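Shown below is the structure under consideration.
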Amino acid sequence: MTPIRYGMVGGGRGAFIGAVHRKACALDGEAVLVAGALSSDPERARASAADLGLDPSRGYGTWREMLERESALAEDERIELVSIVTPNDAHFEPALAFVEAGFAVVCDKPLVHTSEQAERLAAAVRERGSVFAVTYNYTGYPLVREARDLVRRGELGEIRKVVVGYTQGWLSTLLEATGQKQADWRTDPARSGVAGAMGDIGSHAENLLATITGLHVTHVCADLTTFVDGRKLDDDASVLLRLDGGARGVLTASQIAIGYENQLEIGVYGTAGSLSWRQEEPNELVLRKPDEPVRILTRGNPYLGEAAQKATRIPSGHPEAFIEAFANVYLGAFEAVRARAANTTPGPLEADFPTVEDGARGVRVIERVVESSASDEKWLAV
Amino acid sequence: MTPIRYGMVGGGRGAFIGAVHRKACALDGEAVLVAGALSSDPERARASAADLGLDPSRGYGTWREMLERESALAEDERIELVSIVTPNDAHFEPALAFVEAGFAVVCDKPLVHTSEQAERLAAAVRERGSVFAVTYNYTGYPLVREARDLVRRGELGEIRKVVVGYTQGWLSTLLEATGQKQADWRTDPARSGVAGAMGDIGSHAENLLATITGLHVTHVCADLTTFVDGRKLDDDASVLLRLDGGARGVLTASQIAIGYENQLEIGVYGTAGSLSWRQEEPNELVLRKPDEPVRILTRGNPYLGEAAQKATRIPSGHPEAFIEAFANVYLGAFEAVRARAANTTPGPLEADFPTVEDGARGVRVIERVVESSASDEKWLAV
Amino acid sequence: MTPIRYGMVGGGRGAFIGAVHRKACALDGEAVLVAGALSSDPERARASAADLGLDPSRGYGTWREMLERESALAEDERIELVSIVTPNDAHFEPALAFVEAGFAVVCDKPLVHTSEQAERLAAAVRERGSVFAVTYNYTGYPLVREARDLVRRGELGEIRKVVVGYTQGWLSTLLEATGQKQADWRTDPARSGVAGAMGDIGSHAENLLATITGLHVTHVCADLTTFVDGRKLDDDASVLLRLDGGARGVLTASQIAIGYENQLEIGVYGTAGSLSWRQEEPNELVLRKPDEPVRILTRGNPYLGEAAQKATRIPSGHPEAFIEAFANVYLGAFEAVRARAANTTPGPLEADFPTVEDGARGVRVIERVVESSASDEKWLAV
Amino acid sequence: MTPIRYGMVGGGRGAFIGAVHRKACALDGEAVLVAGALSSDPERARASAADLGLDPSRGYGTWREMLERESALAEDERIELVSIVTPNDAHFEPALAFVEAGFAVVCDKPLVHTSEQAERLAAAVRERGSVFAVTYNYTGYPLVREARDLVRRGELGEIRKVVVGYTQGWLSTLLEATGQKQADWRTDPARSGVAGAMGDIGSHAENLLATITGLHVTHVCADLTTFVDGRKLDDDASVLLRLDGGARGVLTASQIAIGYENQLEIGVYGTAGSLSWRQEEPNELVLRKPDEPVRILTRGNPYLGEAAQKATRIPSGHPEAFIEAFANVYLGAFEAVRARAANTTPGPLEADFPTVEDGARGVRVIERVVESSASDEKWLAV
């Protein structure tokens, strides 16, 4: 299988998530990085490209330059897909431009700053039938896919309640004042958007809920707090949710819970059973049925559904983790790119990744949560 | 040490929690059951007394009879303390009457049906300086007491956020329709009060939060749901909380989470550290400090504070559990009774139990949560 | 039900395990302590009896005195059962004497010092059909009984391998040199017998293995070590086992594993499934079957067998622990005493406790392990 | 940094571990596969090379052909390192030949079939100062490296006891009779060597013990069993160990424990503390010190030592797992290759991988364990 040629926007020196995207793409040998506009600073962008061993002619100073020059290359040479890993404020313009120029796009989350942007982007994708994936990377875990399948197969019956939380502690002090780059942009409204914890990690929680249950948030009642003096955005979020079909939910996101690392966890309670999953032990999925022993489903076993099987590389007990889940989102996008090149329609197992619509819905939820927190009205419709 | 003579109201044939109270009292040999009005049905009450081997003359048909006859006994013969373990609707009258007659009282939770009743009861207790304990039994766990001490000693700094949840699944169907006695009264507004899950288990969650953090709920924003068709009270509660001093909280209580047994758990996040505890593994307390390994504190160790040490019977690794925690609440009440008899003032370690004020506050929170759930206003003050 | 009248040998001031026995007996109200020879020192014995509120006439100075005087009491007044909770060297004589005098006996483990003593005692019990229980207390856990049932019902198929370990750290220094009473006698060959860790805790491990699997040790190959300078007995044991019917085993017991509290754990692997259980989280039993999710069985659920149901007091999720398990052993002995008094034969569920034969077998295993450790021969038959 | 050019022996169609090696090499972009002799069947070897997109001229039919042809290429074109991922019987010849021809080698474990082969290979490596790594991949986990550092820094004091177990269930039936390729060669003495479970997974356990503690096995007393009828090699091993300096150990390895996936776990008990680690939750390391709370060290934190920090890619709470650990062994070999090319000496942090000496020691232990199991002598010196 010939690897997909991809380019990257953002992710140069000093960045964090760009390197994760590259490792995820490299892992399975299905893609090769051939171009990049790796920083908003052109010089730094080119130096970063050199660091990565890119051909100097394809280490671009800006994403506009990359778009123009790659578009001019022969079809079998130019990049097929662009990965956008910049801070949130620099997603919309390149994403829209690359979509409009006919490239496949993988974009980090939250998708964009406003639901207006989100709608324009989604419309562009719909219009062209573009391949567009949003790296809600936790959806790539095999057992998240199994959880989704259990719900779809009716193992849990009708969903009544969902409790999802994303708990971290790394922003329990004013880390942004120390110059720490990740803290700096994530707490800056200009780059991060209207929400802090809610946007950065609450968006993952919302997407995880929607992915597993297939239910969307219809109403929110939120309490956002900024606990750390001098911080410009919320660092803690507590949200009551109403979901499609009468289900209820609670979403919490916190970045001030000292000593918590990356505890994303979800519990889903239905009329026929319950499930729970925790990101820090991703190879286990807990299923509870009435009057039966608790069942621990583990990755790599024959009793799992096709989606979980497909998302697994190595035998059970040989743990797979964050990078593999990230890679699974990319593998889905790659399959969609190949299918499109071959003029075929990929099945749902093949092109299994969060879409621009998922991303747009996430942006709307963030916006409404922020509004709700400032409002005296109890419930805001999404 | 001469055992305390106690009587019991409720807890006869077919009851559940009465037997737990009796085992808790028997465990350490510090109290002996000598009288009882064990059912609202006089015949059943007397038969239950015979089952328990009580002297027939002290197996009363009603609590009023017990009150009258015990009051007439010699001081060194009559009961010193009465334990009230009836359904919620039958707490107020006997509790008030026994207090007014000068007896010590241990009463199950939630204390009473209305905050008006709670205030009357609390006033009576205050007026007489009575010994009055409410069996928020989870406060008796050694590591809950350690958690409270960690907060008091400032190990967590200023508390910012508390997340407390109490998750069960036993009412995920209309169990009350089958005649199951526990389900029957707990879902009946006449006996259980204005709230279902919120009253039965949410009240434990509220008390656990208050006990550990020392913070009280100032405002609530609640969403109560009745998921099971035909049920008369909520079986699920999600509540946003505002606490003293600017702290935030989330409280959930659910009885429809299939396969969950009795998962009461709490996380407390402060400016200097975090702690978490889970009732189903009560011998572990997790403490997190910035940039340090997670610490698991376990019962029975020398590094624990005095209150946790005192609440422990056997060495670490030999697990203690629910009944022992229950017994610890009683031991506190017994010490208070002895101190009062000796005209001494017990120290806080000696008379360590939830008070009538704790119970009254719990009733107010339940009431306001119910109102909030029905209201369009976002925040209701407690 | 009239409580059983029991007496106690040992367990006075400064003792540890005696108080646990008393709490276990008190918990369910089925027995009442009416007599005691609570110390080898007569004065201390009488003072301890006063501490416990015994009638002074039945606070004896020696067990011989207790035997003589109780035997002389009317049948409906004298003790029905004696509980022997002295250090190991003081089990044999009173146990044999009380058996021969027609009393029921509950004796702590390891039963006696030598297999010759064990055989004499077992013969006396057999001859008279006495009720005689050995407090291998871990067998009283509901989920240990469930594990035994799973094996008996064939859920695991034929047993191939058992790995059992008992890991503690409290003797990692020469604690006996500090005067700590528990360390003092347990490391003294005169009182503890030929083995240290192997006798004190290895004997529990051996019994747990035999109880759950129904298999007996046929050959041992042992390596006992005394790691702490100045100690007189082993503080660490590693033993290869051959079991009935070709099964293999490994038994470890250590008291020098710093920070380990009381980690008794067992894994049993059969041709049709595996199970594992850990004493420090006793309310969970793990069952694994081929190509199925791992199942966690928890106490108090309807899918458990009769023995586990019977050994449970309160609903699932309300944890029961060490004292309750201890009490279950006693409840079995009490049922046997009652049955004998009524001239009936108790069923296996009723009189469920470790017998003198179990105790005798334990003594033989300890002896052979000690011999094996000193031998160049690889395998010694038990 | 220019990627290392490497070739692979074995790992073609139908193989398992070869793909893991390739993913591990690809993950960090530090190596590129440019040549291969991917099967013992030349046609399959060339087809496998085509599958992987290798230049057809470098998809060799045999390793001898690869050795000859690569040796003839220019120094800046030929492979710098060869990765040998064949069944055990096909390690020795290519490993020796590539070493003698001056190539760096990464070889799977167990190293070779006999200690005579191991000695010859080790001698060749010593003579030439070759880079030679053995993929005891579990040593690449960051927290295994931290465990090693804790021991080296004296945090555990003097090591007294080590308990290491590797428990699997996949060979609980005669899987080799079904044609399953992994089962087929691993249970075949001709390809796997003198040991089954002991060689395949027991060797990992032995190496983990030696890596963490720095102690070597001096004597063994073993009981190997073949539980599955028709199997030619052991599927279960229980071994008592004597270690350097008087420490004791127990090693178990089993492939018949139904439902166990890949449970490699180790406990190390010293005079100043204990540690434990479990492969299936590799991001946690448990440290116990006297009279202190249990500490859970987690990957990616600033309190970890340099070796663990260096072996980490992404922040704490974003789990890394099996492939990353595997990649860490390779990264060490790559650094050694680069250092050698640059005529520098890599520091211990740079060239951190298991050596040919580790592999040779492992072979000797396996041999002696097999001899011990067949012997009536209790202890065999290694």
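Going by the order they are written in, the chains are A, B, C and D; count residues from 1 in each one.
Here is the rule we use: contacts are C-beta pairs under 8 Å (C-beta built on N, C-alpha and C of every residue); 3 or more make two chains touch, one makes a residue touch a chain.
Here the structure is a predicted model, which is why all the values come from computation and not from measurement.
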Note down the smallest number of touching-chain steps it takes to go from chain B to chain D. 1
Given that chain A and chain D share one sequence, their CA atoms superpose after a rotation (degrees, nearest 5) of 180
Centre-to-centre distance between chain C and chain B (centres being mean Cα positions), rounded to whole Å: 35
Averaged-CA centre spacing for the pair chain C and chain A, given as whole angstrom: 55
Could you tell me the distance, in whole angstrom, between the mean C-alpha positions of chain C and chain D? 43
Could you check chain B for residues that touch two or more other chains and list them? 260, 292, 294, 298
Going by the contact rule set out above, which residues of chain B touch chain D in the complex? 287, 291-298, 301-303
For the chain D and chain A complex, residues of the former touching the latter: 1-3, 16, 19-20, 22-23, 26-29, 52-53, 168, 170, 260-263, 279-283, 298, 300, 313-324
Chain A residues within the chain B interface of the complex: 160-161, 163, 165, 167, 169, 172-173, 221, 223, 225, 227, 236, 238, 240, 242, 248-250, 252, 254, 256-260, 267, 269-274, 288-290, 292, 294, 375-379
